[in-house]
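Multiple structures are listed underneath, in structure tokens.
Two complexes are shown next, each including chain A; its partner changes from chain B in the first to chain C in the second.
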Partner chain A sequence: MKKIEKEKLLRHLEEKGNLVRLDRARQDPLSVTKSSHLPQEELLLLFRINGDKGVEIRVPEGRGGKILFGVSPCEARAVDLLDLTFLRDRIDPYYKRKREDNVLFVLACNKPRSTCFCTSFGYGPFSGKFGDVFMVDIGDNLLIDPVTEKGSKALEGLELEEATPSDLEKMESLKRSAEGAITTVNIEGISEKLKKMFLDEIWADLAFKCVNCGACTYVCPTCYCFDIQDVERTNWGYRERVWDSCMFPIYSLETSGHNPRPTGVERMRNRIMHKFSYYPELYGEYGCVGCGRCIRACPVNFDIREALETLKEVEVAA
Partner chain B sequence: MFEKLRETARELLSKGEVECVLGFAEGTLPMIYTPYHARKPEEAEKLVYGPFAAPNIATYLRKLKGKKAAVIVRGCESRTINLLISEKQLNREDVKIIGVPCTGALDRKRILKDYGGEIREARIEGEKVIVKGDKGEKAYVLEEYISPSCKSCLYPEAIDPDIKIDGPSRDGEKADFSDIEKIEKMSPAEKWEFFEKELSKCIRCYACREICPMCYCESCFVDSNRPVWVEPGFDYTDILSFHLIKMYHMAGRCVDCGACERACPLGIRLSFLTRKLTKDMKEAYNFVSGLSPEEKPALGVFSPDDREDFIL
Partner chain C sequence: MRENPYVPYPALLKRSYFESDDFSLKTFEFELLDGNRIDYIPGQFCEISVFGKGEAPFGIASSPTEGHILKFTVNKAGLVTTALHEAEEGSILGIRGPLGNGYPVEKFRGKNVLIVGGGFAFTTLRSLLVYLLNSRSDYEKITVIYGARTPGLLLYREELFEWEKRDDLKVILTVDREFPGWEKQVGFVPQVLERTAPSSKDCYAVVCGPPIMIKFTLPVLEKLGFKPEMVYTSLEKRMKCGIGKCGRCNIGPKYICKDGPVFSLAQLAELPEDY
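Our next item is the complex of A and B:
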């Protein structure tokens, strides 16, 4: 690894472009990293009736990328998970443009929160494989390591020093203490088990305290559900994409009036199933990064860690 | 300290008088009690009450429709039950009301902010909240950190409970609306700016709506897309419309429990609106919502001598 003074790096990045500092305060409750790729409201196109010429359609241009400085490893991992939806089987041009333009400077998480459980998902607060550049704050300096080509390019023109053995030792000690502060939930086998639990009675119990607001899904860095709506004015209008939430009753309401997820029980089941069963089945990855945002934002203390423990204990027929 | 309550709950459950006892249990995070319904006598051991209970438990009665339930309530929650009965959402004979003392609900977000670090433990000791975390141990005076709604609470104790658990409660005579009076004195421009600053934080997660025991509509006006009353997206006009129309629906129906404000993940001060409603209803009609299940909803009755000076 290399090292650099933080101020020097920041000066360099400021000259490069639109620098967004995420390192100065905890990013709570909303994930800026998610909304930088999937904004809560996004203009898709404008339309206008132009006399006899018919309908004119204009697609807005991109606004250029941002340098996101201080992204936590969990949030950077979450963007990788968003990629599976927006870039793998179908390419979403709006998402793709932002993904290509934004540069993610990931900062190892020295002080995990009491709600963190990232280590349950095979990575941790010091995982250096996400985003474009990986950094560790060792106090006087930043240890720095480009992850992608885009990351290397962002560091071009900077003089980086070699990290000394004592720097690396410092990093190791920070890493140990950070990892030690995190409670791991053992989720081994949960996705296979959930497949057999669709009709289990446990869901009603689990869903009792949930009031089905959308707080957990909106603060979640991996929840990506959206709605597309046309907003009409007199002779013009626009099409926009806004966040939606599977917690809301109208999310699954069909035109006929039928709702396949009529109560909070089915909606809660879907949220957990999507993250811990459908995602692994589709992509081989869990749809949760263990950041704990949903736990902190929930008005009734629905704790996903507790829910997973409960689900693990349920006995299901083989 | 919860022995009396637990004993009562245990007895109701073992005698089969009720199918469940609805209240709160310890949560997984500091300073949070979580909604809980004890269904077996031994589960009564989990029941707690106090400042860490943020939601209005009456919200959960809609999940227990058709069941005989005992419900553990504070003043605001008992008034909600009266409102639900008067609006034909609940049968009085289906609920057994257990009143508990109330010293106010904690404004947890303000403690989290003032502490500034990660709180890992918290407990109540007398009139203080003691928290422990990475910034060491700190004590906060409960009275200074209770919800604004609780500061202007007129009836902290449950009204006509079937069973009453005794203990020290707030004094309803000391209800303080001074901060609302300050807003009333602002110019329209200042008010606009003040509310915009608060409400523009809204992400439309509808936690305030879902946690509200009186927001029980099967379908909400904001969700309607034919016609569209409130557009999707985050134009301030739409956000403001949602909150103000919600308030219109709440006049005379809001007990000002403050649950909406405590539920907001963005920490929006919704009690400026709910407390103004409470204050206006009291001043204009000498009406306090939910004092009796027989009382008709304030906006559901007409009397020839109703004041009209606010009609433009």
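Our next item is the complex of A and C:
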């Protein structure tokens, strides 16, 4: 690893482009990393109706690249998970453009929160394989290591020093203490088990205190469900996508009045199943990164870690 | 489909007319502008945009063998469909597609095909039937059983009556109860299916209709010896993007818009009952 003074790096990045600092206001309730790739409201197209001459459709250019500085490893991993939806099959051009333009400077988590459980998913607060550049704050300096070519390019022109053995020792000790502060939930086998639990009664227990506010899904860095809506003006208008939530009744309500997920029970089941059963089945990865945002945002103290423990306890017929 | 899958093709509404005598269903015929064409197979769907109101998914009722006019039959029910019903001929709307997988028409080659439809779910079945009839000799026996509540609610009546006359095709039409002037079958689709008792030998069945019809039809097919992998149906759920991104139309890990809407009963048996 190399090392550099933080101020020097920041000055360099400020000159490079649109620098977004996440290292100061860390652990935002909303994931800025998610909204930088999938904004809460995003223009898909503009249209103008020209009488007999037809409809003119225009696709917005989209904004230029951001340098996201201080992304936590969990959020960077979450973007990799979003890729599985938006960059496979039919590629989503709006997402792709941002994904290609944005540069993610990941900062190892020195001080995890009590709600963190990232270590349950085979990585940790010092995992250096996500985003474009990996950094560790060792006090006076940042240890720094490019992960991707895009990351190397962002560092071009900077003089980097070699990290000394004592720097690396410092990093190791920070890593040990960070990892030690994190709860690990043993989720081995949960996805296979959930496949047999669709009709289990436990969902009613889990959903009991949930008020279906959807906060968990809005703060979740891997939740991506969206709605598409038109806004109409006189002879012109636009179509945008906005975040939606599987916790809302209208999300799956059909025009006929039929709703396949009419109560909070079915909706809770779908949210958990999606992350811990459907995601693994489709991609071989859990759809949760253990960031704990949903736990912090929940108004009724629903704790996904407890839910996972509960699900593990349930006995299912083989 | 375009490179940007969210951008519709501008489409001219060439013709629209009421399809049912209660004025709830209208058929729309579109022509894509600017020389655009889409290649589709029966059972696929499109998102129709009424600019400013939104878009909604509809099964394609025309067959690719009929030329470039795209046909849809739409029930007036919500915001977009109401705006669509009110759209004047000559208006320009948007069409995105084709979306979804469609019926496995290649598998039907050299086989018998049974088409069972109910109510206004006959749209993609019409597409399928026209498609099969276009190269009639590629398929063995074709049987159609189609029912509605009243004669006036049967879609594509004139065509149905013409098809009825053909001797290379068996068309059985039914209405739920006696109706003045109706001399064809009377009874619900599952009952008529049971009475007709088509052979399941080398036969694929395609079933589309309201949930209640499907519910009572499937056991009859089973009794007739149809294996789950020989029975196909087309599912619906609330949809937005149509390309497996926006999330809402999932059944377990599958998305109706992308992995469906056509599934065999064997495939559905693997999925949770979440629809």
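As a working rule, the second predicted complex is superposed on the first by the 317 of 318 C-alpha atoms of A that agree within 3 Å, B and C clash if a C-alpha of one lies under 4 Å from a C-alpha of the other, contacts with A are read in each partner's own complex, and residues count from 1 in each chain.
We adopt the following convention: a residue touches a chain if its C-beta (ideal position, glycine included) is under 8 Å from a C-beta of that chain, and two chains touch if they have at least 3 such contacts.
Given the structure is predicted, the values throughout are model-derived calculations rather than measurements.
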item: First, second, both or neither for A:274, with chain B first and chain C second; value: second
item: First (chain B), second (chain C), both or neither touched by A:96; value: neither
item: First (chain B), second (chain C), both or neither touched by A:55; value: second
item: First, second, both or neither for A:229, with chain B first and chain C second; value: both
item: Touched chain A residues, chain B compared with chain C; value: C
item: Partner chain(s) touched by A:16 [first = chain B, second = chain C, both, neither]; value: neither
item: Touching partner for A:300 - first (chain B), second (chain C), both, neither; value: first
item: Chain B versus chain C as contact partner of A:312, first or second or both or neither; value: neither
item: Which superposed partner A:8 touches (first chain B, second chain C, both, neither); value: neither
item: Interface residues of chain A shared between complexes with chain B and chain C; value: 227, 229, 231
item: Interfacial residue positions of chain C with respect to chain A in the complex; value: 1, 3-8, 10, 33, 49, 51-55, 77-78, 81, 90, 92-94, 211, 236-238, 240-241, 243-248, 250, 252-253, 258, 272-275
item: In the complex with chain C, residue positions of chain A that touch it; value: 44-45, 47, 49, 52, 54-55, 57, 59, 85-86, 89-90, 92-94, 198-199, 224-233, 237, 239, 241, 244, 246, 251-256, 258, 260-261, 266, 270, 273-274, 277-278, 281-282
item: Residues of chain A that touch chain B when the two form their complex; value: 29-30, 40-41, 111, 113-115, 208-209, 211-215, 217-219, 227, 229, 231, 240, 242, 245, 248-250, 295-297, 299-303, 305-306
item: Sites on chain B touched by chain A in the complex; value: 27-29, 32-37, 54-55, 59-60, 63, 118-120, 134, 203-211, 219, 223, 225, 231-234, 262-266
